[in-house]
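Have a look at these structures, which come just after this line.
After this come two complexes, each holding subunit A, first together with subunit B and then together with subunit C.
Moving on to the complex of A and B:
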């Protein structure tokens, strides 16, 4: 999986949660109040299933989840991918 | 969706049923009247390895799959919803530690939770805080490697006997989840009696008065207590409750089928009266629909699919309503006998009502489920529009 795929899959997941709204890749999902705690848990399960690694205690940092780009960056780091976007 | 039980699951179900029929069913009404759960029975379910059902084998548990755990909850729920609530909260603590504890926390707590040496309790609700869990008033401050906890929690299942509580608090405006041992100085509990249902669930109000907790007892990180640690625990709780409600529903149905087959009115058995058949038909169908939702949640849980959270919420929502409806009809079929404590159906109804309130009231489930439905609708419309656009080209 490359970084573009991480972005694409993360974008599709977030878009589905936000009723199909077109979300900018850098928009802060939590600060704008677009998502809630239910989304936070669904996001953990999505990342674990889709990208194939466990989200652990030390990963609990909003900087890892606050935007689509942040989610993809986080996944890329966990997967040891080079970010070239 | 495959709902065929494996040989191992079938064998486990037979064992659970036999245990519940012999050790729980005959005594559940008495426990309900006495508003207590004998320590010997708790020890017995612990000795059977049931309390450690969700603990992986590497930590000394049974490592049950989602269906087997569900089957266990169904049978325990059929026998005693109060005892079922122990399985619910105990497994919520286990799941929270399993997911958000570090390795030393898992090694420290899980083996003892698996054997029942430690009984887990879930401490979220407060006198002023129910559904709005973000408004928690219990406070914790970190000072020299220790959390100092002050506050109170209410309606805590098995709060009279639990030895390790998963406690939600605020620290500097952020939500945290802490493991608090009963033995800590400043901890106190007060038994609750006179409840509508869950009478033998050893309910208690608990207080923390400057309780000093090791810093390492924090699960997750500040800011993630309710959303992630609580979210994990509550999802597990709703899953267990859905299956427990299936057991309540099946219990009410079983009692009604038995009663309608042995009591005569107007010269024929009740089950030959068409209006009784109508009631039984609805009960059978509701129980079967509940079972399907529970199995669907189990399948998604095994796959760790993100949709499991919503599907579990739906299962809990439907199952708790079905349990209320079925136990209400069960009382109707039993007539005055059903209102007597000589029969279990009155207990089923009282316990079912509690199920509509706990681990997220059904009104909170409705908000979640309706929103989810709208999301799915919008995304389906969008996909159809994109497909039509492609076909036009």
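Moving on to the complex of A and C:
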């Protein structure tokens, strides 16, 4: 999986969850009140299932999940991909 | 009554407790067979039993093999429609109907009882779902006396449980069919959230919440009525109760926060929410309120958390609301909040909150 795919999959998940709302790659998902803990939970489960690694408690960080770009960056780091964005 | 109540609750958890009673119609709820010459009225005592269960906060529904429309009109004529949530009137197996009700109401099948005059139907249900308690319609009179039908807690919220579930079912239908961003859906609910210091009249419900809430609970500490009453009056503590209502009805008291204050620190000992408000954003508002208050009072905001396999969502709620781990004492995690980041409240809530 390359970085573009991480982005597009994360984007697809988030927009689908938000019923097709237009979500900018850099927008802070948690600051706007768009999402809630259930979404956070599902987001983490999505990352684990889709990208194939376990998210440990110390990885459950605001900065790793705050935006679509952040999620992709985080997944890329965990998967050992070089980020060339 | 505190220790007793905890004991009673433990027993209750061991013992089967019925949360939903599913009635058959022909020759169970009423006398006669609707599609074969009509009915001769309700069976004796049935109405008393229905009302008694309702007052105890036990939900009721219907599984009947009948013509859907005729049966509903008959219930309407008898003035009983409102008592039954998600009634299943069709020609399918009754076990399927009961599973459907459990799914709609989001409660476990092991909390169901089923009343039917026909041994065949009871056996079909027992065979397919052994955890359902099956009762012969001939024994209807005895139901209110059975221990399974006597919840130990009857609070104001239990007596209104049916209305709350009715409102939930309406919300679900709207949410399932809502096309558009989630935020618009939340806005459409016109939610009003109040966060207030607990009054004496809140304590019974507060105790019930600490005992019954597992999933959306940061520490699982249980407190007795008396302990909560002390916290309520203690200068070093703050006990907050959250209530929610929306245009479909009242959710009742759905959240509880206990804060301990000492030397420039506020420690959240307990933060819990009823599962009925999951995905409404209540947790974020509660934490944001505490963050604002801590910032204004120039104190550190700490939180205790006991992670387990069921409350991971609360761990995330803390982590995604600017808490990070600063210490670990065995299982106990100590969080501290980074108060620098300031957030607005989501605009889909009308808030009624006061200073701490």
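Keep this in mind: the second predicted complex is superposed on the first by the 85 of 85 C-alpha atoms of A that agree within 3 Å, B and C clash if a C-alpha of one lies under 4 Å from a C-alpha of the other, contacts with A are read in each partner's own complex, and residues count from 1 in each chain.
Please note the rule applied: a contact is a pair of C-beta atoms (placed from the backbone, for glycine too) under 8 Å apart; a residue touches a chain by one contact, two chains touch by 3 or more.
Keep in mind the model is a prediction, meaning the values are calculated, not measured.
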Joint occupancy of subunit A by subunit B and subunit C, clash or fit: clash
Partner chain(s) touched by A:49 [first = subunit B, second = subunit C, both, neither]: first
Contacts of A:31 with subunit B and subunit C, given as first, second, both or neither: second
First (subunit B), second (subunit C), both or neither touched by A:17: both
Doubly contacted subunit A residues - partners subunit C and subunit B: 17-20, 37-38, 40-41, 44, 57, 60-62
Residues of subunit A that touch subunit B when the two form their complex: 13, 15-20, 37-38, 40-46, 48-49, 57, 60-62
Interfacial residue positions of subunit C with respect to subunit A in the complex: 178-183, 185, 216, 278-281, 283-284, 307, 312-317, 319-322, 324-325, 343-348
Subunit A-touching residues of subunit B, taken from the complex the two chains share: 100-102, 134, 219-221, 223-224, 226-228, 230-232, 235, 303-306, 308-310, 368, 374-375, 378-379, 381-382
Residues of subunit A touching subunit C in the complex: 17-21, 30-34, 36-41, 44, 57-58, 60-62, 65
